[in-house]
Amino acid sequence: MSLQHWLGPIKDSGWQMYELSERLYPICRSITGDGVRETLKILQEYMPLEIEEIPSGTKVFDWTVPKEWNVREAWVKDAAGRKIIDFAKHNLHLLNYSIPIHQKMSLADLRPHLHSLPDQPTLIPYRTSYYQENWGFCLTHQQYEKLEEGTYEVFIDSSLTEGHLTFGTLLIPGKTEEEILLSTHICHPSLANDNLSGISILTQLAQFIQQGDRHYSYRFLFLPGTIGAISWLALHQDHLARIKGGWVTALLGDDGAFTYKRSRRGDTEIDRITEYVLATTGHAHQVIDFIPYGYDERQFCSPGINLAMGNLGRTPFGQFPEYHTSADNMDFIRPENLQQSFQLFCQMVAVLEGNRTYQNLAPYCEPQLGKRGLYSAIGGDNDRKERQMAMLWLLNLSDGQNSLLEIAQRSGLSFALLAEMADVLMEHQLLDLYPSSI
Amino acid sequence: MSLQHWLGPIKDSGWQMYELSERLYPICRSITGDGVRETLKILQEYMPLEIEEIPSGTKVFDWTVPKEWNVREAWVKDAAGRKIIDFAKHNLHLLNYSIPIHQKMSLADLRPHLHSLPDQPTLIPYRTSYYQENWGFCLTHQQYEKLEEGTYEVFIDSSLTEGHLTFGTLLIPGKTEEEILLSTHICHPSLANDNLSGISILTQLAQFIQQGDRHYSYRFLFLPGTIGAISWLALHQDHLARIKGGWVTALLGDDGAFTYKRSRRGDTEIDRITEYVLATTGHAHQVIDFIPYGYDERQFCSPGINLAMGNLGRTPFGQFPEYHTSADNMDFIRPENLQQSFQLFCQMVAVLEGNRTYQNLAPYCEPQLGKRGLYSAIGGDNDRKERQMAMLWLLNLSDGQNSLLEIAQRSGLSFALLAEMADVLMEHQLLDLYPSSI
Amino acid sequence: MSLQHWLGPIKDSGWQMYELSERLYPICRSITGDGVRETLKILQEYMPLEIEEIPSGTKVFDWTVPKEWNVREAWVKDAAGRKIIDFAKHNLHLLNYSIPIHQKMSLADLRPHLHSLPDQPTLIPYRTSYYQENWGFCLTHQQYEKLEEGTYEVFIDSSLTEGHLTFGTLLIPGKTEEEILLSTHICHPSLANDNLSGISILTQLAQFIQQGDRHYSYRFLFLPGTIGAISWLALHQDHLARIKGGWVTALLGDDGAFTYKRSRRGDTEIDRITEYVLATTGHAHQVIDFIPYGYDERQFCSPGINLAMGNLGRTPFGQFPEYHTSADNMDFIRPENLQQSFQLFCQMVAVLEGNRTYQNLAPYCEPQLGKRGLYSAIGGDNDRKERQMAMLWLLNLSDGQNSLLEIAQRSGLSFALLAEMADVLMEHQLLDLYPSSI
């Protein structure tokens, strides 16, 4: 195991992730369309992402891939011909997946198509209508309240046509074909935390993982929410048996504490590693049980799929006031937060990579460490004592039943020290990988 | 499932139960004899109870059905010929199962046969001597202390002869032959809480259950304590395999909090339902582990029988000062308390009836609820959101491993809402009963 | 079962144990040599201990029995020829296992061979160098600081030669060949708590156990630390299957609370008995999980051996300031403490001996205790009630799944009462030993 890469210091790339988010921010994404294609093409500059497309109308489990949506222009003009709402100024102004329309109408007829936030009067809300044909505009409540009676001209130059669902995948092969999934949604337009933060961090993480010797294979999924995950799962059913588990992630750039939502199974190695790393790094965090609502863990953890996929983020969706509004902008996320989130993923991957199970090759009584120079003779400093304790714990619990993680949790010693001392004991032929762990 | 009956509102019949108790109060019951027969005949006015009789001398496991006891008259006269203790005034005055006697004796010879309560000097105690031939009188300690030296005439016109043990049973058949037992003791004379309250409530509950479509069959047992339960079990050994479990109950009319004593097995569906209903209805209550002392759960939970029978009551026996005294009279129990206890049983039966296990028929990812009109399009009120969450939980956990109760406990949603939404999902062919739950 | 011996009062032998410790205190013990032999010979005066010897060079698992060490004289003289450090005055003055030397040297050359305690300047430390050839002296830091420049004469008349490893064992056979191990280390020179206290208590306990009728066989091991346990285990591998478990013990004479360190398996009958006795006797105590460091439980609980051996002592090693210094002398231990520790072992052995599993021979409903005179007729005092409850618990839980200990823990009744009532129920053919418990 090359400990240096996985357990060593992690370089600061907070600003790089921030800048990638900034670059992606203006693009109008949706669950289909050119905004997704443009986003994935930019990501290809950072990693050899494969872009896959599925035609509209394809059956994926209980769902059907919808028509592709694209939009060029959209506005509302008042009686005086002034554009009072304009998609060109902010792509949240348009109800995502709005059908085309060009029509004059009274304010009374327009009102049902307008969405604003009376409690947050300066913010534009984010609204979608993917699976029910509709059109609409979103605006600040301040704007809304200023609207006067009169005739309005509504224009939406969008198309909803047979096309494709687009997503990006990257497989980084490891020593085994057993796969770790890292999945995030890419369907949101100009919203920074939700989810340019997740996209940027997984992009950085893919680079980090590519640089190390890997035990596992890693598959990164950049998917439109819900339909993207369902499509990928429907097209890869034969593949699921080789998936060990992984993380759905999003909302990684805000100032809030981390939130880990356990997988449906609840006590998988993924769950235990995440909780261990959160606990031992000392970050403020909460751990909650699985609920069948949220991001794409809903699909990965549906009863027929039931993968060991948890969800890791910071403040949960809906629990910060900027959520799904124009205030989730580039001022809301911070490079330091992105970096801290990124490091957490690096540490989880490091524990995952290092979490082998060993067998003691001299299990009858303690082996004589002294004759191998592994034991301090008279006294000894604290550091040496910790290393000795690490060896004793490794020897005592390496009966094939305890992985390094379990030994770390039971002993209270650091995972990195145990991994290092396991290597030392292997060099002295006192420990070997347990067959199932090779 | 006909939810309306089981999960709907329950009519107030507190006064009816109180009046039945009042009617039964004066009768002198014992473990055998005409008092029991008369009691059961009155109950037959309310439900088609079967009255069964077992001859004295019948072997029932380690026991033998005792002789039948009846009493016509019993008194003690003082030297002046005045009746100073008279069974005709209160049937607790006579030691239950007293053998016949007619004799004059000194106060010194009489004293060992007198029972009073020095700490509760105005109350008559309730005493029995079923299995050891004896005679005696119970009186208030105030009376006892006024007794003067002199010759007393003691007269007990009772009979202890070959006869029968009598008890009442009612089977209300359901869709399956699997049976729920509801058992209470009927051997106490004029004691209201112990146990006319239990008798009245089970009578009302039998009527309630008869009115609904039943999944389970329900068997009501009105039994003389100990020997009645032992006899019934001994005569129905072949029958035990079809008993799912149930409740022994008594002491349901006082003002105290509920007490649930778990079955010997401790974590059966009966236990979980009882604890769930107690917790979610918000009644003050305590839950205690099984102990091999108390009412007939001692027999139902003996190691060779080991049925899933808990005991539900209010203040436990021996823990209220009126217990087994003349103060356990019709003033001690209240219609409101009877009604609340009755409702609790109705709710437990409702959860039992509704506690099916389902399987998700579209278990791969979430089914598309929207295309079935089951999902709100834009936004939605709280009620609609709860219904959506109920559907998501039902779909996610319906893998044959979780019953509705487990889904209710894990989700925090109400059992009734989940049951209702399970019906909706079944109508849409998204859920079906799991084979073992049909 | 002869309850009188195991569960009855235990005679006070605190002073006897103290006097044995006092007698053994001056002897210079090590892991080999005549000090060990002399110690074991003294113990033979108290019990029929077998003394066994293994030649130097014998391979025992990963270890080799070392050369035998003996010492006759050892001192350091200053330039004026005065003995400033003298083994004859205190055997801790010599680094245990020092090789022979006779040489003059400067203070600078001597210093690396001197050991003192700057934080405890009036105490002589205890130091060893068994597996790395070395020589040295231990002295108080006050002495150390007074040393002046000049030439010192160092003389150690020791021998490190082919010889033997010596240890003592005693097997007290019981009804079954299943063995309980009681092991303590005998390699420390003049240190009272560590471990003349352990030696004295196991000596007394052997006498106590010999006097009773035993279900189990008991094997006492008086072993040099580490190499003694490894040697014994290596030579008795075929024997391990018949060992039920037991206790490693030491440090039993100080004033501190008891400390029980669980076996590696953690929930064996040995662990449960120890924790039960500690909890119910009410002694101040702590229970800690197994760690692979400490006394010979390290060997008994190595993964290939994995016996149910816990460690029981008072204040743990290294956690009292007198530990491994000249202050661990006969003033540090007290007869009362020895007696209390001894009693605790007697009680644990009593529970172990009495912890049978029974089967109820009348498991269908309760047997009729009354007809056997086992049930009070009318009322009854508290003592009688406790005895009745004990019978009811025994009958209810004796289904082969619960031992007396489990019944005691679940019922809250005393183990001794339950054991007594189990005998009563056996006499009445209501209970019998469960086959696996005979």
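What to note about this one:
Each chain gets a letter, A, B and C, in the order it is written, and its residues are counted from 1.
Here is the rule we use: a contact is a pair of C-beta atoms (placed from the backbone, for glycine too) under 8 Å apart; a residue touches a chain by one contact, two chains touch by 3 or more.
Everything numeric in this text was worked out from a predicted model, so none of it was measured.
Taken chain by chain, the contacts link every pair, so each chain touches all the others.
Both subunit A and subunit C derive from one sequence, and where they touch, under half of the residue numbers involved are common to the two copies. Centre-to-centre, using mean CA coordinates, subunit A is 55 Å away from subunit C. Within subunit B, contacts with two or more other chains are made by no residue at all. Taken together, the subunit C residues at the contact with subunit B in this complex read 360, 362-368, 370-371, 377-378, 389, 392-393, 395-399, 410-411. Interface residues of subunit A, counted against subunit B in their complex, comprise 60-63, 115, 127, 129, 131-132, 134, 226, 229-230, 233-234, 237, 264, 289, 291-293, 298-299, 301-306.
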